[in-house]
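Residue numbering begins at 1 within each chain, and the chains themselves are lettered A, B, C, D and E in the order written.
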Amino acid sequence: MAYLNWLIWLIPLLPLLGFLLNVFVVRRERPAGLLASGMVLGAFVVAVVAVIGLAGLPAESRRIMSTGWQWISTGAFQVPFGIMLDPLTAVMVLLVTGVGALIHIYSIGYMHGDPRVVRYFAYLNLFITMMLFLVMGNNLLILFLGWEGVGLCSFLLIGYWFERRSAAEAAVKAFVVNRIGDAAFILAMLAIFASFGTLNFYDVEIGGVIQPGFLERIPEILGRTVGPSWQPIAVATGISFLLLIGATGKSAQFPLFVWLPDAMAGPTPVSALIHAATMVTAGVYMMARTESLFQESLATQSWVLWIGALTALIAGTAAVAQWDIKRVLAYSTVSQLGFMVAACGMGAYVAAIFHLLTHGLFKALLFLGSGSVIHGTHDTQDMRRMGGLRTAMPTTFWTYLVGAAALAGIVPLAGFWSKDEILAHALSHGNWPQLIILFLTSLLTAFYMGRQVALVFYGEQRDHSYHAHESGRVMTVPLLILAVGAALGGLMNLPFSIPGGHWLSDWLNPVLHEEPGEFNLALALLATAGAVGMGYLGWWVYTRNAARVKVGGKDPAYRYTGDIWDGMEEAWYLDAAYNRFVVAPFRALGGFLARVFDPQGIDGLVMGIGRFFTWVGGGVRGLQSGYVRTYALVFTVGVLLVLGFVLIFTR
Amino acid sequence: MDVLLFFVTAAVALVGAIAMLVSRNAVHSALFLLLNFGAMAVLYLLLQSPFLFTIQLTVYAGAIMVLFLFVVMLLGAEQVEDTPDRIAWQRPLGILLGVGLLGVAAAASLRGAAGQPAPGGEAAASFGNPAELGALLFTRYLLPFEITGVILLVAVVGVVVLNQRGRQQAPAKPPAGD
Amino acid sequence: MVPTAYYIILSAALFTIGVLGVLIRRNAIVVFMSVELMLNAANLALVAFARERLNVDGQVLVFFVITVAAAEVAVGLALLVAIFRTKNTADVDEVSTLKG
Amino acid sequence: MLGAYLPILVMFLIAVFIAAFVIIVSSLLGPRRSTVRKLAPYESGMEPIGPAIRRIPVKFYVVAMLFIVFDIEVVFFYPYALVFRDLAGPGLVAMGVFFLVLVVGFVYEWKKGALKWE
Amino acid sequence: MEPLQIPPVNLILLAPLLTVVGWASALLLVDVFLIPEGKKKLTGYLAIAGLLVAGLVGLPLWNVSGSTFSGMLVLDRYSLSLTWIFVIVGALSIAMALDYLPRHGIEQGEFYPLIMFAVAGMILLAQGTDLIVLFLGIEALSITLYILTGFAYPRLTSEEAAMKYLVLGAFAAGFFVYGIALVYGATGTTSLAGIAEFLGRQTLVAEDQTLLLAGAGMVLIAFSFKTALVPFHMWTPDVYEGSPTPVAAFMSVGTKGAALAALLRVLAFAFEGVQAYWLPVLAALAAITMVVGNLGALGQTNVKRMLAYSSIGHAGYILLGIMVASERGAEAFLFYLLAYALTNLGAFGVVIALEQQGESVWSIEDFAGLYQRRPMLAVAMALFMFSLAGVPPTAGFMAKFFIFTAAYEGGLGWLALVGVITSAIAAYFYLRVVVKMFMQEPAREVQPELNRGLNADIIIAGVATLLIGLVPTPFIFLAQQSLVALGG
């Protein structure tokens, strides 16, 4: 299958071409949208062809490695600029290009008339390119290239409507939080290189020479430790923990998830593509790719498990109490990512990827649906101002319903199968506390989706300041396609021993070594009953009490839960806690010591830390008084320190 | 004899330096520095460097210090320090650091030089005579010698560039952005 | 003979005085003088070591140092005169618009 | 070995002595009656106009500073004078290069008009 | 007295240096005699030609190595590679200045020969193997830079910058000379090889050691000043802001590179035997330099100052490569220097394009909405900013990755950690420029000027930044080869 070697290069290069053309050549809206969508669609078609070709190979040789050139070559340090296609990459590529193409097409309608729309499509194309490099790279460095690239595009797109202050702030917040994860990722790379002497995932043959891959050399580091003798850390634990921090940032896990809900300030298709379906799953993908490293460290694995489970619960509760239609979905995304991470922590990587794929489909559907709602209600996002929209926008309603049911885990839609597989794994691995947490979260999921559907589509329209209308064909067709996907996506990996039932498990088997989860009928029934029940409850509470929902008012459930509701609405005050316990001391310190503060500062954790550093920088610059004598003074201090050190040292 | 002479000249050098430091009038500072340089020249003599003695006097005392005096007096920059000090904390801190530096430097040199024998006994009579110096200058130190020429050339260009331009093109407009 | 250490201590003292001059004097010309004093102090150390080792190299080095010092003084004073002509001051503290 | 320089020292002492002597003796012996006319700067009998310190044209400085540079260059000729016989041809080349660089600077400033006194 | 023998002088070994100096001297005269006022650009072109010729002269010397002038000067591949870098830096700086000087009314033909003399000083620093030669090299470079810094007459800030630079530079020179004196006192020699030999002897008396280390410390301080390592960095922001922008660009990469190159040779050869002593000192300097440089750049609204602080931070990163003092470290150092030089020159080129006549604001606001007005320029600047921030696939990322791995392997893991964290912070202010360009409307009317020289500079820098990031292998190979037969 030699043609695959060059064919797979087309997948990332087509969107790159679209990006370049949109930056340098195209100046008008229509060609920009068509070009961008066409390129991504082309990449999808190529990907399909390539995956079919890949499937034609025997299972054990399903790994196409193609090296463009030797990126770095210095003695022992060899890194090819190479991409690959293996089963895991294949499903990711299909998801990215497929969902990506639909969202591009949808954007043509959604962004129509925006003054900077050419730039929008350029960013979007660049994002797809970088995401493809991320999932296709055959070494950590390429992965990192994509990792940084998608971060950058996400940053640019969150702040796309930079006239809105919240957008600019959210962009900065996302960027700064992600830097924490990125720094950990770089350190992990350094540690991996130092331990293995390579950054390749797998052995690569280049010019007849085989370059080793670290994933195939894990045993080399077993038993090795670093750190002080009284507290040694196993190398495997150290590396995997750093990678975990990296994933925590990118995939919005506790405690770094605070940026994702704010990221909804970007255009809705962006939220669908980047902050739900693809980029935020990069952390999960990365953990799955390096699963053998994680598997060597029980310590890290339990961290992964707990972080995932806690994130799922915290974000799930927060989602229940939101009024903003997109924030519900944002917290829901964080929560579902928590499911995936928890699955990784259990060693159930196939389940994690399965959930990643189905979630990509139905969450993209939900976001695009909410975009359609926002579009049809003239930029309304507050659900208290909606209601009764099912008659005005039927297509949106029905597709949204499918997506919501899929997310809630109603049999037989996609979400049911993937979520059930994660729960089944938790059960069969005996992770009881996490099982309970995740089960509760899945109940919450059904509840808040029922609540959302009721608030948006049922009852009476509570605000008549706009005239709701259905969106155009260019937006509804992607919705329909995604709805089909959300409905049938579960067929990828049915827990039954029928031919093709474990299709995804079998397909991923060469990469991810995991037994298919045991199907537990009791659990499945319980989960389904719970989902249906809670979904209905959510719907029922908010249709019955629809009259109590007032614009700007409290939630009807507030009566029963009281202040707890406030806690949920504020995501358990994590932002506030950051503000109080991290930002405030920093700020107090800064305020105490610095006379003047930047008046246009921005609240929030990151800005606080950023401001602290800025304050330190201000100190640095305060010493920079302009007096040359002071400079000489500082110089002399340095001299004294250096000479003093020499004297003491040579005593 | 030598030791006595050393202490006398050293005292003169120190007094000159300190007086240079504390004189409020720049002209006095320059004159005291001149005194210091003269004392240094004598010390060079004590250290068997007659040639450097000459250079010190002709170049430093004769040329550089004269230039200093010339600039000070013609600019009228004798007493620029009459205005209050804007960074008053600089002085005590500077003195403190100076004391520290002196301590460190003295400690280092004492520890470094204490174990040495007194200056290497009797030197050959030819030690340090100008011919020997010249010989070294044109053999071993030929490269630095030539580099020095280039540095001086650059200095010439610098003096001309920094002070000639006003003549060719008068500043068309007031300095901007300050 | 006078021990080398004496010379070195003297030179250290002179060097320190030069440093102090840069730190506390505001008159740019005096600051330049202080720098000259520092260089001279270093020269003294060089000559003293040369005598101790009976090695003329140290004296040759002094030669170069004096040359460089002269070149630096020429450029420095040229600059000072230029500044004086535009700003009419020789106070180094007055020349402090660049900061931060 | 210092003996060789004794005459110089003596000369110095004499010079210092004479200078000090003249100043001290004149201040001791001379009458001190200050009048306005006496305190005024001596301008060869002309009436002094304006303050003594005036802006001096920049060419004074330029010439003075260029003098320093050439002074240094001349200093290098002393040792050369002492050893040029021993150095022979190569020495001449070495000095020639140095001199050439010097001449470049000289020609440059000449052409630039730095030496012109208008 | 026996007849004196001038040591054999192998002129081949200093062919590039001689070319630069000779050409510059000749150009000085050509400029005053032949080139009329108003056509001074010609001088600039001739200077670029001279630098390129010097670079070409170096080409056949790749396989030559040796030392001459009584072991005061060597030619090896290390110095030759550095020579090439300096020549490129000089030529690009002149290219930027071609339009800059007349636009700001400060064109004088001497500018170009002076840059060449500065390049000669830098080459001397790369080739010198004796402390006195290094001292003279530094001074030749410094005195030239004092003049160039004060070149932007009648802008007062330019003179102020020159003044500050000169006072502190002379101050540092005093420490250098004193350091040389102490080293000489301890070892009786100033040649690097001589010092190394002295240290190689087993019987190192404790007294000599103290003198030597104090001297080495002072020499290190002088180099730290030139390199702008904290706390000897204070001059940098002011001088960069005040000096003509092409000079600032030249300094930010040239001076720094030359001083570090010499420092590497001094530490790795002369003072290798006392590595245990200078390593902690340098480690502390590197750490604090990375922190202070990057924090100082935060919150700067003056792009020129921001780049100045960023150059301080980068010096800290480069220092990591020097400290490792292994082949890997030196390799990473050369590579980083090349990548940083090209990137930074490009960034300064964009700053020059935006610099309005008669203004000295360099406000970040001028970048607002640049993408709308000049997409190409904005994209180029974004590229440079990403490279400085260390975002793949640019040259800056490769360079950082190299230097951090070299440091990690060389047992300086904690410094690599500091480096990673500070560069994570650094991304914040580099990205701010990008944000301004792409995510804001123009704040005020700025007319970017792009002339031939500037265009060439930005294009060369941009292409190189991307090329080195995408295909670093040949450059790494070159760096590796440069360390073959590194002489002391």
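Note that a contact is a pair of C-beta atoms (placed from the backbone, for glycine too) under 8 Å apart; a residue touches a chain by one contact, two chains touch by 3 or more.
What you see is a predicted model, and the numbers here were worked out from it, not measured in a lab.
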| item | value |
| --- | --- |
| Touching chain A and also chain E, the following chains | B, C |
| Closest chain to the centre of mass proxy, which here is the mean CA position | E |
| Contact-richer chain pair [A-C vs C-E] | C-E |
| Remotest chain, chain B as reference, centres from CA atoms | A |
| Far-end chain from chain D, centres as C-alpha averages | A |
| Between chain D and chain A, distance of the C-alpha-averaged centres to the nearest whole Å | 78 |
| Chain centre separation in whole Å, for chain E relative to chain D (CA means) | 39 |
| Chain centre separation in whole Å, for chain C relative to chain B (CA means) | 5 |
| Length of the line joining the C-alpha centres of chain B and chain D, rounded to whole Å | 17 |
| Contacts with 2+ other chains: residues of chain B | 46, 48, 51, 55, 59, 63-64, 67, 71, 86-87, 90, 94, 97-98, 101, 105, 108-109, 111-114, 116, 131, 133, 135, 137-138, 140-142, 144, 148, 150-155, 157-160, 162-163, 166, 175, 178 |
| Junction residues of chain A - those touching two or more other chains | 621, 624-630, 632-633, 636-637, 639, 643, 646-647 |
| In chain D, residues with contacts to at least two other chains | 58, 61-62, 65-66, 68-69, 71-72, 75-76, 83, 86-87, 91, 94, 101, 104, 108, 112 |
| Interchain contacts, given as pairs of chains that touch | A-B, A-C, A-E, B-C, B-D, B-E, C-D, C-E, D-E |
| List of chain E residues in touch with chain D within their complex | 1, 3-4, 6, 25, 28-29, 32-33 |
| List of chain B residues in touch with chain D within their complex | 45-46, 48, 50-51, 53-55, 58-59, 62-64, 67, 70-71, 74, 76, 125, 130-131, 133-135, 137-138, 142, 145-146, 148-150, 152-153, 155-157, 159-160, 163-164, 166-167 |
| Residues of chain B defined as touching chain E within the complex | 105, 108-109, 111-116, 131, 135, 138-144, 147-148, 150-151, 153-155, 157-158, 160-162, 165-166, 169, 171-173, 175-178 |
| Parts of chain C lying in touch with chain A, wherever the complex brings them together | 19, 22-24, 26, 92-93, 95-100 |
| Complex contact set, residues of chain E against chain B | 1, 4-7, 9, 21, 25, 28, 69-70, 72-73, 105, 108, 110, 113-114, 117, 120, 124, 130, 132-133, 136-137, 139-140, 143-144, 146-147, 150-151, 153-157, 182, 185-186, 205-208, 210-211, 214, 358-361 |
